[in-house]
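By letter and in written order, the chains are A, B, C and D; residue numbering begins at 1 in each of them.
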Amino acid sequence: MVALTELTEMYADMVTARHYEERLQEEYLEGKQPAFDISAGPIPGELHLAAGHEAAGAGVCQHLRDDDTVTAPHRPHHVAIAKGVDLKRMTAEIFGRETGLGKGKGGHMHLFDPDVSFACSGIIAEGCPPAAGAGLAAKKRNTDSVAVAYLGEGAIDQGAFLESLNFAAVHDLPVVFVIEDNDWAISMPKERVTDLEDGSKRADGFDMPGRRVDVDDAVAVYDAAREAVGRARDQNGPTLLEIQVHRRMGHFMGDPESYRPEADQAAAAQRDSIERLADDLRAAGTDDAELEDLRAEAEARVEEAIEWAKDQPKPDPAAAHEDMWVNPPSGVTDSEPDFDLAGGED
Amino acid sequence: MVALTELTEMYADMVTARHYEERLQEEYLEGKQPAFDISAGPIPGELHLAAGHEAAGAGVCQHLRDDDTVTAPHRPHHVAIAKGVDLKRMTAEIFGRETGLGKGKGGHMHLFDPDVSFACSGIIAEGCPPAAGAGLAAKKRNTDSVAVAYLGEGAIDQGAFLESLNFAAVHDLPVVFVIEDNDWAISMPKERVTDLEDGSKRADGFDMPGRRVDVDDAVAVYDAAREAVGRARDQNGPTLLEIQVHRRMGHFMGDPESYRPEADQAAAAQRDSIERLADDLRAAGTDDAELEDLRAEAEARVEEAIEWAKDQPKPDPAAAHEDMWVNPPSGVTDSEPDFDLAGGED
Amino acid sequence: MAEEITRELTMSRAMVEAIAGEMRADDEVFYMGEDVADYGGIFDSTEGLREEFGYDRVMDVPISETAYLGAAVGAAQEGMRPIAELMFVDFFGVAMDQIYNQMAKNTYMSGGNVSVPMVLTAAVGGTYNDAAQHSQTLYGTFAHMPGMKVVVPSTAYEAKGLMHNAIRDDDPVVYLFHKRLMGIGWLPAPDGPKTPVPETDYTIPFGSADVKHAGEDVTIVTLGLHVHRALEAAESLAEDGIGAEVIDLRSLVPLDTDTIVESVEKTGTLVVVDEDYRSYGVTGEIVASVADEAVGALDSVERVALPDVPIPYARSLENEVVADAGDIEAAVRRTQ
Amino acid sequence: MAEEITRELTMSRAMVEAIAGEMRADDEVFYMGEDVADYGGIFDSTEGLREEFGYDRVMDVPISETAYLGAAVGAAQEGMRPIAELMFVDFFGVAMDQIYNQMAKNTYMSGGNVSVPMVLTAAVGGTYNDAAQHSQTLYGTFAHMPGMKVVVPSTAYEAKGLMHNAIRDDDPVVYLFHKRLMGIGWLPAPDGPKTPVPETDYTIPFGSADVKHAGEDVTIVTLGLHVHRALEAAESLAEDGIGAEVIDLRSLVPLDTDTIVESVEKTGTLVVVDEDYRSYGVTGEIVASVADEAVGALDSVERVALPDVPIPYARSLENEVVADAGDIEAAVRRTQ
């Protein structure tokens, strides 16, 4: 049994994430109509939205603290929201504004919020090794923080993920690897490129527990993650989880999805982990008005973040030349001490 | 039951390989005494000898034809010998001579003999993808050739190997991956760096059959490889084999092995797959004189190759600038046709 | 007198036409990459090929660049002629060992005993705010390490002729196509890259730079997208009576030093324009190559390239670091 | 007046001394790499550290460069100060994404929100016939891609001071140590790298090239092993009355252009000597940097570097491609 407060929190995260993605879609498409031009409109660049993935974000992150590290891939918003990333500054970053998390330098695939130990990277599976490194740091410091690396089912064939499984296992690191299986890697269906149907079976080759949650259900994810995160926190080593989710939108905005059977699209649209969780909440005694309030609050939060972000200044071009280094180029010193080196060449 | 001719062939390969390594060790150390200087003496550079690995070379390659591809890692000689690589030209390459397999450009970690489809590379596990590619070529051409990739137990944590397992499995490629487990990766014992005791269990995470031969016995290797190579040749897909071997020498010549317990060294010296196979041959009716003849022949072959190699000319320095390209730098053409491009910018 | 060619193609159509032509002529040519089958390549590099040649010859592959680029090396060493695509050149780091320690070196290390007749294709370049991990050209990185021929088409005409030569070449060729030039619906190209393209198969030799605009006062050496930006600058400079010679390198390896030196000996002024990072890259090499041959001819030098920062996301920031025609023009004016 | 320092160390001892000093001072400093614990580093980069600090702080790691270099990035982002070793720089290709798309870019991409205080150490260089996959320096490759400070000690004195600065720096530093200079028993060093080394901790700033030999006639810019070969050439040139100024770059990023330009303004002649590939690398950048600032001062230029071929194995071939003092001397004479 999951406590009502926890169900409610997950629900709030999930409706926030869903609304966020829907609103970003609208904003993104603005200025890209009628002809879609990726370089036009208020949000530049590629945009990978995660509608349909929410349960994987909320169900896992519900177990995490601010000092637990999460690395996400190119489709990061729902995870960032569940992890508690500053919504305004994240949104400002996506709009490429000066007050964004990365001052407009990173963009939507490169969101860093050290306050809640969140980072993401646009290179497939390359968030896994740094997550293992965060786990290593926790172990060396003898704290009970854990690290979670998210990846897509298309990423389980990439060396960075596979090497990280061994690295985490051999050092018993407090790491949970979470595969979000949305059946597609851009246009490639899983069976065309991967030997396994169930990605959590990769664990079998690495002496690590693996578990698949094959229904897009926040409570089921919550339960599986409780065990996995608990195992990590209790210093019992890593776990591999796979969660079935659904891609309700194109791979990126502008993706015509012409490769995708309509039936598959329709099925994805039908499965809705948010509605499922609403049912769970109702069963736990939450009434529709309360659910409506939660939704309204989430929507208001999203609107506020978007409004705020759009109001923020665009970066001054000269700022492009800043933030290359944290220390000066010369390192911590800019002068060489004066030694009398006998017989030295100086 | 393995046919006597096959046992005999394997024995010949194994005693050749053992004698070869012992003789190379002598040659290599010449000019590096009393103080070991890697850049002195007749054989330059690093030298990784495979004494103790012979069963893995002979037992697998016994099933291979010239058109089957083999890729070997940095410790390649025993596999090359079992695969039928030209011993003289290989030796000349190791001595850095003009008539070597690579005209003295490649050296002992980079031996290429296309006549028997053999290649090796000094980068851990990076022979695996090209072997998968050879398997892919066989499949596309619809031939029944197979490909074998050798790697050490220390290489099973490397992305190139792990990705290749998936690649071969998802395409059902005719590939056999052969892990030579000699317990050590330079100074690192297996348990310090790898999550598994039995490397063949990696296969479990990739929906592929895996099998470990945990005794350094040519006949056992032969049997396991018969099944794996047969599976590949019959187009039933890849297999992962692990073979227990022993490192009878240092990782490379000059390795003081101070990290290695004496008991472990002694144990490796005791286990001898060659003596074991000699017993099998005796049991199959070969008498000691015949065994002695096989040994003498092998030794003569090795001596002849070494003599020949040392007689070969050293490369002319100017040759360093050749063999960069097979075609001219301009590609297959060196002149541009003359079109009248209307409205073009030319 | 050659027949006048009027049919115009986008760069992507021209590239695909060359690939299709070679695939028809030789069963051993095949294409591997992520999203190259049903999708037709994220940047239209294989549009329509799967429909004609099927999944076996236009293969979607796992997101395992090391495995599939290495498999291309292996298949090439068996004598096949694979074309393997790295979706964005920025992903080189997950597979650089196969690219550099195997594909590029095996020929030399084998003393020419082995050849690796493969083409590595990759999309390059910025200008659409895809940030630091998806906007680079890495021209200098690939050109620095010997063993790969490195070509960069700037128009449809070059895209086809360079691709035919690349596939037929028995050596490994890296073919870097600029996303902004492909003529993709959602990523509108400037005017230049869509050119007349002969129907016939033809090959453009590597190492033959092309003078895209003649001039007497300044030599602008560039490649890829910036050929078009340099041409725009040249037009505008011409109005002020400054004659800019625009040289399109077309290949970085081999490098056509002769054409550059000849031009600089005439103009005395060298402006190198590049979409890669400034330091230790293309601009340095071009300047030094001229200095090697004709240091006395060099009266004035400018380098226009990405400053040494990762490529930022926000439009104002990316525009600051990627040179436009105005930046090129300004650099030329500084030399006059 | 500073106290006279007489204690001499090999480069490896000096490097290890700096690491040990920082490890004593700060529990968060640790070293990861293959064979760095019991073996002490294949090239003596960690000799004795495991004995003092134990396996937890001097960690052997799986042969998984992507995993452990990436883990170093992750630990550094948590505020620890990892030093991670790539056994040979030639293996960069198996982990370049972590090195370049994460370690080097995260600071900038986060707008300075995140720092990555790690040191990547790697052994570089040839001269002992280890062939194409184990002999490179790749100086240009690392220096080209922004986000990493890249340092190359040439003596024990520099090895220690640069390492202290590297570990204390909150930015990622790539520390490339030349195998031939370390003073390893089985790989004898030339005379130069063993120098007096102060017992005290000291830091050498990055971007401060060092004039190792003063001269009026020619400026020789170099780094690493070739500092010593250039000094040998300078001695021999001096006998003929040719005064060579030998500049040891010490860091490629940042690059101390001022010291170089100042010298060339005096000598008019620039000879750049590098153990990396010739094209699109260090030599091109140094020549172009001088041309940027003082093209008029450049009367004569020579580049001495690896020709654009992989490094061959046989001694006669490797000697042909890696410049020795004689090659440097000859290049200088061509300029006079």
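To be clear about the criterion, contacts are C-beta pairs under 8 Å (C-beta built on N, C-alpha and C of every residue); 3 or more make two chains touch, one makes a residue touch a chain.
Only a predicted model underlies this, so the values are computations on that prediction, with no experimental measurement involved.
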Max Cα-centre separation from chain C goes to chain B
Quick check: more C-beta contact pairs at A-D or at B-D?
A-D
Just the number, please: Cα centre separation of chain A and chain D in whole Å.
38
Separation of mean Cα positions, chain D and chain C [Å, integer]:
31
Averaging C-alpha coordinates per chain, one finds the centres of chain A and chain B separated by a number of Å equal to 43
Touching at least 2 other chains, the residues of chain D are 61-62, 64, 66-67, 90-91, 93-94, 97-98, 101, 108-109, 131-133, 146-147, 253, 308-310, 312
Sequence positions of chain A contacting 2 or more other chains:
102, 104-107, 110, 121, 123, 126, 157-160, 163, 166-167, 170, 192-194, 324
Where on chain C does chain D make contact in their complex?
66, 90-101, 104-105, 108-109, 131-133, 140-141, 143-147, 252-253, 255, 276-277, 279-289, 291-292, 295, 298-301, 303, 308-310, 312
Tell me, which parts of chain A touch chain B in their complex?
157-160, 162-163, 165-167, 169-170, 192-196, 201-208
Interface residues, chain B side, partner chain C - complex
69, 71, 100-106, 110, 112-114, 117, 119, 121, 123, 126, 128-138, 140-141, 147, 159-160, 163-164, 166-167, 170, 322-327, 329-346
Applying the document's contact rule, which stretches of chain B touch chain D when the two form their complex?
35-39, 44-46, 93, 96-97, 102, 104-107, 109-110, 121-126, 154-155, 157-160, 185-188, 192-194, 254, 258-259, 314-321, 324
Can you list the residues on chain D that touch chain B in the complex?
34-35, 37-39, 42, 60-64, 66-67, 90-91, 93-94, 127-134, 185-188, 307-310, 312-321
